[in-house]
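As written, the chains take the letters A, B, C and D, and residue 1 is the first residue of each chain.
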């Protein structure tokens, strides 16, 4: 009963199969191989973006920080939610990789930035002039760190404000598939058609071992990006093994099926929590559940071996009800979910 | 009637005199000159800190960013007020010079950090573990960006929390003299005796052309600092001209007299504003006045040629009353103050 | 007949097998898994270094740059050969990741640094004082970029000079296994026993998909290293997949067997080149061959489909004889070698 | 008899006078003052470059590193002489301020880069592709670190190669005035007309306290430069004091007169050295003399109190003849020169 993270679960058989297949023959290093070309093409098709520039890296932190470094100069201001992964959970990688850019954080319900708050922050940043640094980018995560999801309209509204001010819009899509599955929209609708400039399309949490794609929809924004990737140590010599993972996910809609599975499993976990007298901290819209559980139920779950994080950290131990976070993966066993729900029901 | 900034006003005659004197003879470059040695000694005496390591730079941003880079690794977390100069007005210089450190901002009344809020933020930062970055330093400004002043006890309380958590305490003292003058305490009491590790002792706003001292009270914290200063272009070849400015200020208590003068002038500006039906936004404790003024009075002042900033920026134009900021310098003419007060009184 | 690079060839079946095994069950993310612990232990045993701190990353550039950033401050001087991979082939990653350190390059026959030249360069660097930056580290590669190998005594002599001057010794071991196999010495003899402080132990070119280990033999030198790794995006959430690759290589001496195979294959390529009237540019001591080939033989090889790089780049096309580089991998087919040798023999 | 450096000598009376004048009245901070405007205009006129963008900083290291950071991305390659000040004497400031750019050094007689060597290095850099980093800029110093001078034609030839390859040409002009005076050419002829993109026009060594101008001849190359300057702590709040120094030097050809004086004094020092049986290491073309002196003459000079540096450092003590460096300033007393020459003559 491991609900600690989608990172706790492994890769899909189709991914493993393609890795083995790729392993069988020699191919040119550093991306000059046919698998990389096929993976890029598959992702462009998936995104209905024939001009998009696609690059593969192994971690979400690398993907986000490199994309932001591309969109912001060292003296840039990058607006994001105060609970954004790039702010709370990447050890200042965006600051480092960009060479000094400042994350300007905004509060907002359910982990989402409110349009008027964004507009006002951008206005104030601009008013600050030289000493404030230069407005450069806005970063949103979809799904968010709270597992909530921006609708296409919500993305479009933030994109409108962003573009009007001359900034670029970055989307941290570590769980982009979960967001798209949740909304029932296409990848294109949720990204470039809504105004996203750069998308980090996550694979790791969704059936890969370690594979993320950085997608720039406008090639004009990619000047020097490959050098940046190399200079940070994120160019793989055997890049075909990164590409193969993404290719497997992009084939036959696997990425979306897996995300849908994970979302449904999270929904069942949420239902079980509600049935056990718990309460949701935010709506469950993707594969994460933030909820409180009566401490008695929590104790039973722990005793039965269930693994999950208290929220925001273990200092929550002892509270009643106990705030916690559960994350479902594409392959979280249904038996585990049933057993967990039964256990907390008591 | 220029109340725009203490930066608008020039250097004290004693500073100019010493610069001329130093100019008269050749001296070894890069700080190997007797003026630098005398200036360092004078500042150590002023601070009653015989072991302190003192280095001179020309700008407050350089002083703060270099000091913080010394106290924090690139992956460090630096806690500061959300209105701190290092956060709002240095174009991410601390992020850049430190190589990526994150400023974690805290709200707080009157531009001051509240002890319990600091303690909680430090606790959460530590709880975040690897992904949050490592707790490194706390930075406070005294006087603050709002012209308010931390008392010795308030500094000591923040220092206690900081030290207990194993962090270092930085004080942005661009207006340190104004704070000391306001409180009627010694430089030692307000700095190392209260627990400050690194002090940026400002000269520029207080009678110098361009001179700031970075002071480390514990020599063990200065490892490599001179290289850092050189690598950022902040080592002057003719360093004696920086040192001479500081030496003049440190001689015969000039630094304190000038700050006292500026504080008194600000007080008179505040009195005039209150008399004219204005209101203070925060208490006037140093040489800055944040206040509102009836728009009618504001209009008269502008018509009479008074120069000052609307607050937080010119978007405040048109409000009634009008929020504004006035800053007094050591040599703001008393006639200007009288005329301003009379003008707004109508 | 792909002799372009050892990066052109895939992973060993034992690696693939262990990856599949690890994939079967959920494990805690970010290295808190048993595979990581086992891989670290296996590498410590392989190196006979029970105190060593081991960390896994996916690329050699990341490994080198992170190790050097750990051994050098931003204002440090890092001495290396002018043809070192860190100088010529990592897009200034060491400069970037370290935050500005300077690579000071030294000439030297066969891609190797000469002890007296190193001693003199260190002396001059120290003499330069503040403006030169601070002497920080020496970096050597074993095997070198030229495929040559430092003997244990040669490493020890450079280490002695390095240590005497208070610097740290880094070894780029992208092909460390090839060097150890070539010399017939143990990993310990060729690293910490000879005076190496930090070793980048390569897996990618030697039977892994993408896995390198950064090894610090003195835990005191690892302060903050994990933050550094995270801040550059090099901490894998599913780290067990990195660790598994290394674990497979470290098991039952696989790393050494594979390197020995590759070295032998290179030797056979060299023999064929000599038989065909070619000449070696440097001795063949590991798995790379730098040689010239009569242009006629080169043409035949190309026509037959052989893939390899001209040296130093394609501007060599048209020369007679043609300088070129061939690299053998652990699984370069013997038939390919035979066919290549026969083809160039004419 | 201080011949240690032009940095050992003070500012010209005209500079001191203008500083005092500027000090008399309040002016807006951060460059929004009339002195800055006048100084920029004066320098544009001096350079016959009405479109040039001019910015003032206080140190040569800041000027060079900021200019290079503007011309090169973090992953850029900057070609320079192996004895260039930016390589040997700025503590890796270019690497730091640019965020990681690599200085690629070239040998060359008399401290000067040879055109064919530059062309070949640029070609190889380009051939290196992604892993080498991207060709970005060429930096030459005029006068060079060896006091030699590139002629207008020599600059133009290097500029042609630079531009043809799509790179930008930076000129470290810490002693630009000395070079122009030596050649008898205009500032325009020696800079933009010869193909220089960015010129660091030195004032500090030539009659100022601490003032350098960064000049971009093409405004299109200055995007974001002010932010960069602010983010590194190089924007002065009382910028008028920097500008005033430059304004004084730019007025009535003072810059050129002072440089001519210094050059002539150096020539006399050289003549004296030759008369005393010494020899020049390189031709004396500006205000520095690199020479050897019989050790007996050296001993007499030292005994008489003459101050100068042994070359390249004090390890030269004990050699016979002794290699040394003497630098003349605009105001090195003629008596000192006569006395030195008489002393070494014996």
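Note that in this section contacts are C-beta pairs under 8 Å (C-beta built on N, C-alpha and C of every residue); 3 or more make two chains touch, one makes a residue touch a chain.
Because the structure is a prediction, the values reported are computed rather than measured.
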Chains in simultaneous contact with chain C and chain D: A, B
Chain pair with more C-beta contacts, A-C versus A-B: A-C
Centre distance in Å when chain A and chain C are each reduced to the mean of their C-alpha atoms: 34
Averaged-CA centre spacing for the pair chain D and chain A, given as whole angstrom: 50
Centroid spacing, where centroids are CA-atom means, of chain A and chain B in whole angstrom: 41
Of all residues in chain B, the ones touching two or more other chains: 30, 74-75, 90-92, 96, 99-100, 130-131, 133, 227, 230-231, 235
Touching residues on chain B, where the partner in the complex is chain A: 74-75, 88-92, 95-96, 99-103, 105, 123-124, 127-128, 130-133, 312-315
Residues of chain A that touch chain C when the two form their complex: 2, 4-5, 7-11, 16, 19-20, 22-30, 57-63, 65-66, 90-93, 96-97, 204-205, 209-210, 227, 230-238, 241-242, 307, 329
Contact set on chain D toward chain A in their complex: 30, 73-75, 99-100, 130-131, 133-134, 224, 226-228, 230-231, 235
